[in-house]
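In what follows, a single structure is set out as structure tokens and then discussed.
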């Protein structure tokens, strides 16, 4: 059982790490603010989600698990809202910004 | 297991570092505003992995705090930086 | 490879030096404040490294310095807040916020009654 | 492996510190500093100071960063004039050499003193039983060195008076900071409605577990203050005028209760800030509960700044 | 270590002003001033009670907070040094409190005004912080106390909200912050080396090793920056000259004594055995430089308040002369003795004299509407009491008998003779002459008859004048304290024989000559031409010397230079401690 859970953790966490890598590659390769937001938002939130998912079997107790999920939710919520605000600010600042 | 988690933590940290370099160099402020957000997701992932590897349960509470404060800081970046110096009173996130 | 306290202790020494450099060289008060915070965090990390070296009895660190650190961080925040408030008010009252000695006071400023 | 992670954290910290000091643009430097503050939390975990990490993440990265970013936005126009005063190369060189000297001296001390350090941990362990709390840092902060913590709350109050003192005379007694308005249906207002309920739960939670686990009043109060400020930024809340009597009373209540409990200790435990056997934990909790609202208000108002609008 | 009888008084000494501040903050408005008045009386009573408790046994009064003994807990301690400082501060606060009633009354028609509210709450805040500095026995608590002191002092600088004073306050806060961070760095290193921050325990444990030396260097320099010892004084002149007079009196008379006191604690109580002759001499050299530069630049000031501020720069130098004089070469350690008593006496007589001087300057400013020294003619007639206050405070600062500074000087001179360090004696003599010079300069201007009848532009409170005069008299008559049960042992009895009088006259005369040589703007002499023509080249030369001092001072007060000076001083102390 615990081996199975450990395997699950490894797979999920590794997948999450790959998404972080993808996000960073996006940041490095994409040309402008809007595509950066895209790279950061999508990849990072998914990355964190997978890491959280992978760590769930490793923590003790229900409360800790709930808190892990709450972390992901907060980041997701803030990320979505903030991305929109940044995009709007960037658009207002104009193409040269 | 711990070794794997440490390694992944280091790996995520590395990607965060690279991303930070890109973001901080700008040129637009809007790029830079993403820095706290990047730390808010990548930094937290690295932190959670580090804590799980080292067996420090309290990092979960720390991550909660970090998530909230990173969100707060990012909002402040956008709010203040995107507004003209004297015009804070205007409705600046009108659609 | 060195142990964590030494590593972070050295890192702290570098942070303090960096902050001191910025504090002297950067002409903007806000950047000096930023540099002050870097010096402060360096001092805190150094204390943290010392606390970690003093860990015993299953605690990762000596709790006394860790408690002092919390106080130190709060005090540094209060200092930053006070300085920022001063800076913003100065920006309202004067055109420049530099710390250079002001040009001779405006002719009649001394004669103004409070 | 862990050594490599530590080295990575330390290097990244150094890099960000260099960026913070050297970046041309102030806004960019401050963004770097906030990232640096959040990253420091990782360093604290590596140094096994989770309580410190919480404080650093909340205050160092969060509040200080936001304070500075607001100032940078307001001061943008003055930046160029200030930069003209950059000292000449010889001065910069001399400063670099001197700062290098400081680093070298400190590095020497660090290297000379490697190994186990003198510690008070056994003393704390031997006496923590008398305090009834399980978190040794809380025991230090509220029993062994309670005076420091009392003074810390008072430091914040001094700073608040200092911030308020910078109001123009005719606006004295008015509301601090600018009035923020935002589209009530906009995304910021949306976030400011959704995040605070979560944040308030987390804030109280961090506060409450402080007696036994990493956490405590300063960390909890910072989170709560941040949520309040978020609501202010979205125009959903406003700072109260500083002349309000209830506000003054609420700001003072925490330190006053702390002093009162301390004074009661003279009678019931034979020493100022002493706790009688068995009552220690209860009294510590009384102090923390009394401090929390005062700290939230003080931190929030320090962030909000000097009065800038009339009370109306 | 246990709590001694009367120990609880130490807690009260710290908490009474702070509780007063909390109440004043809550009630606000006119109540703030009322509560401050009540608190001042209570606080003075507590200071006297502590002095009594201390005098009864002569042993250090100790209180263990929470019943926890160091190293885990924090102990409050009051020795003779703390007792004297607490008493002096209480008296000066009383004087300032009476003086400030006129300046910081809440105007009619408003429930609360900014400046009075801030002044009265922060006056109490500063008092509480100072008392904490005097009684705390823990290096970290002392750090918090230092910060409390700074946070309470900075807003007083910019109380009037003008750009100039805001800038001065900003310089002050930034420089002081780095100073306290250096102090904290030292605290960290000390804890890392010895595992305790308690002064008593440390005294038994410290020994010369790299961590201790680095800590001592950083802490010392940090404290010097907060005390504004030359050349780390960039922030002081504008801050102290720009503040409202009552605030200047607090800042100049009291606040800088906090960090100075901490430096004394550190060197005499924590590090007496680690200190080397070279480091003590270095401190003395900085003090001597402060005396020389501060006084000469004071002579070159056109404005009275700046003159008084530079006089503070010089007087701070005196406070550090005792360090080399207290060094016992035989034991290779700092000894508590005549030199320390002299330095302490110097500090308290400066506290009252300088407060009085700033108050007098403030009254003159208020009455005349400016403080340009060259245009003070007729002030002697319009404001005789204030000019008298200025003169008496000046006499006290010069160290003429029977002032406290005279007794202090005598103690220091004895120590200089005993240790064969004659050069410090001549520094003190030159300093006295230069002090006499600017006092004479101001008086000559103020006592000249006005060309046109001068009417006071603003009403000057009688009570304020009396308060200032009383403080000046306190300082001048402090020498008589030796006749009573003085807490400072070894204080010389004042003597008013012909020798002392003659030397006093000589100092004044010498001062007059120096003022004629170096003073910025001389009052026209009736016999101009005939008498002065042959001296014109001499005057030109001395003026050139004075101008050089001003230029050097201006250069040192540039931010990058002052910042570098801070580090150079730290490295210098580190090297001197190694020697």
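Order as written gives the chain letters A, B, C, D and E; numbering starts at 1 within each chain.
Going forward, a contact is a pair of C-beta atoms (placed from the backbone, for glycine too) under 8 Å apart; a residue touches a chain by one contact, two chains touch by 3 or more.
Remember, predicted model here, so these are calculated numbers, not experimental data.
Student: Quick check on the contact network: minimum steps from subunit B to subunit E?
Tutor: Each step joins two touching chains, and the minimum needed here is 2.
Student: Common contacts of subunit D and subunit E?
Tutor: Both-contact set = C.
Student: Name the chain whose C-alpha centroid is farthest from the C-alpha centroid of subunit C.
Tutor: For subunit C, the chain whose C-alpha mean is farthest off is A.
Student: Let me spell it out: compute each chain's centre from its C-alpha atoms, then which one is farthest from subunit D's centre?
Tutor: Chain E.
Student: Would you indicate which pair of chains has the most C-beta pairs in contact?
Tutor: By number of C-beta pairs in contact, the leading chain pair is C-D.
Student: Mind having a look at which chain is the central one, using mean CA positions?
Tutor: Answer by centroid distance: C.
Student: Can you give the whole-Å distance between the Cα centres of subunit A and subunit E?
Tutor: 58
Student: Would you mind pulling out the distance in Å between where the CA atoms of subunit A average out and where those of subunit B do?
Tutor: 10
Student: Just give me the whole-number Å value for how far the CA centre of subunit A lies from that of subunit C.
Tutor: From the centre of subunit A to the centre of subunit C is 33 Å.
Student: Touching two or more other chains, which residues of subunit D qualify?
Tutor: In subunit D, the residues touching two or more other chains are 2, 46, 48, 63, 70, 72, 74, 87, 91, 95, 98-99, 102, 106, 117-120, 124, 144-145, 148, 152, 155, 158-159, 162, 166, 187-188, 191, 195, 198, 202.
Student: Which parts of subunit A, given as residue numbers and ranges, touch two or more other chains?
Tutor: 70, 74, 77-78, 81-82, 85, 88
Student: Among all residues of subunit B, which ones touch two or more of the remaining chains?
Tutor: Those would be 16, 29, 33, 38, 40, 56, 61, 64, 68, 70-71, 75, 79, 81, 93.
Student: When you check every pair of chains, which ones turn out to touch?
Tutor: Inter-chain contacts occur between A-B, A-D, B-D, C-D, C-E, D-E.
Student: Using the touch rule from the top, collect the residues of subunit D that touch subunit A in their complex.
Tutor: 187-188, 190-191, 194-195, 198, 202
Student: Along subunit E, where are the residues that touch subunit C in the complex?
Tutor: Residues in contact with subunit C: 72, 103, 140, 143-144, 147, 150-151, 154-155, 158, 160-164, 166-167, 169-171, 173-174, 177-178, 181, 184-185, 188-189, 191-192, 195, 238, 244, 303, 366, 369-372, 457-458, 554, 557-560, 563-564, 567.
Student: Spell out the part of subunit D that touches subunit E in their complex, as residue ranges.
Tutor: Per the touch definition, subunit D meets subunit E at residues 87, 91, 94-95, 98-99, 101-102, 105-106, 108-109, 112-113, 117-120, 123-124, 127, 143-148, 151-152, 154-155, 157-159, 161-162, 164-169, 172-173, 243, 245, 248-249, 251-252, 255-256, 259, 265-266, 269-275.
Student: What does subunit E use to touch subunit D in their complex?
Tutor: 3, 8, 11, 15, 18-19, 22, 25-28, 63-68, 71-74, 111-115, 117-118, 121-122, 125, 132, 140-141, 144-145, 147-148, 151-152, 154-155, 158-159, 161, 166, 189, 192-196, 209-211, 214, 560-561, 563-564, 567-568, 570-571, 574
Student: Would you pull the subunit C residues touching subunit D in the complex into a rising list?
Tutor: Within the complex, subunit C touches subunit D at residues 1-22, 24-31, 33-35, 37-38, 41, 44-46, 48-57, 59-64, 66-71, 73-82, 84-89, 91, 95-98, 100.
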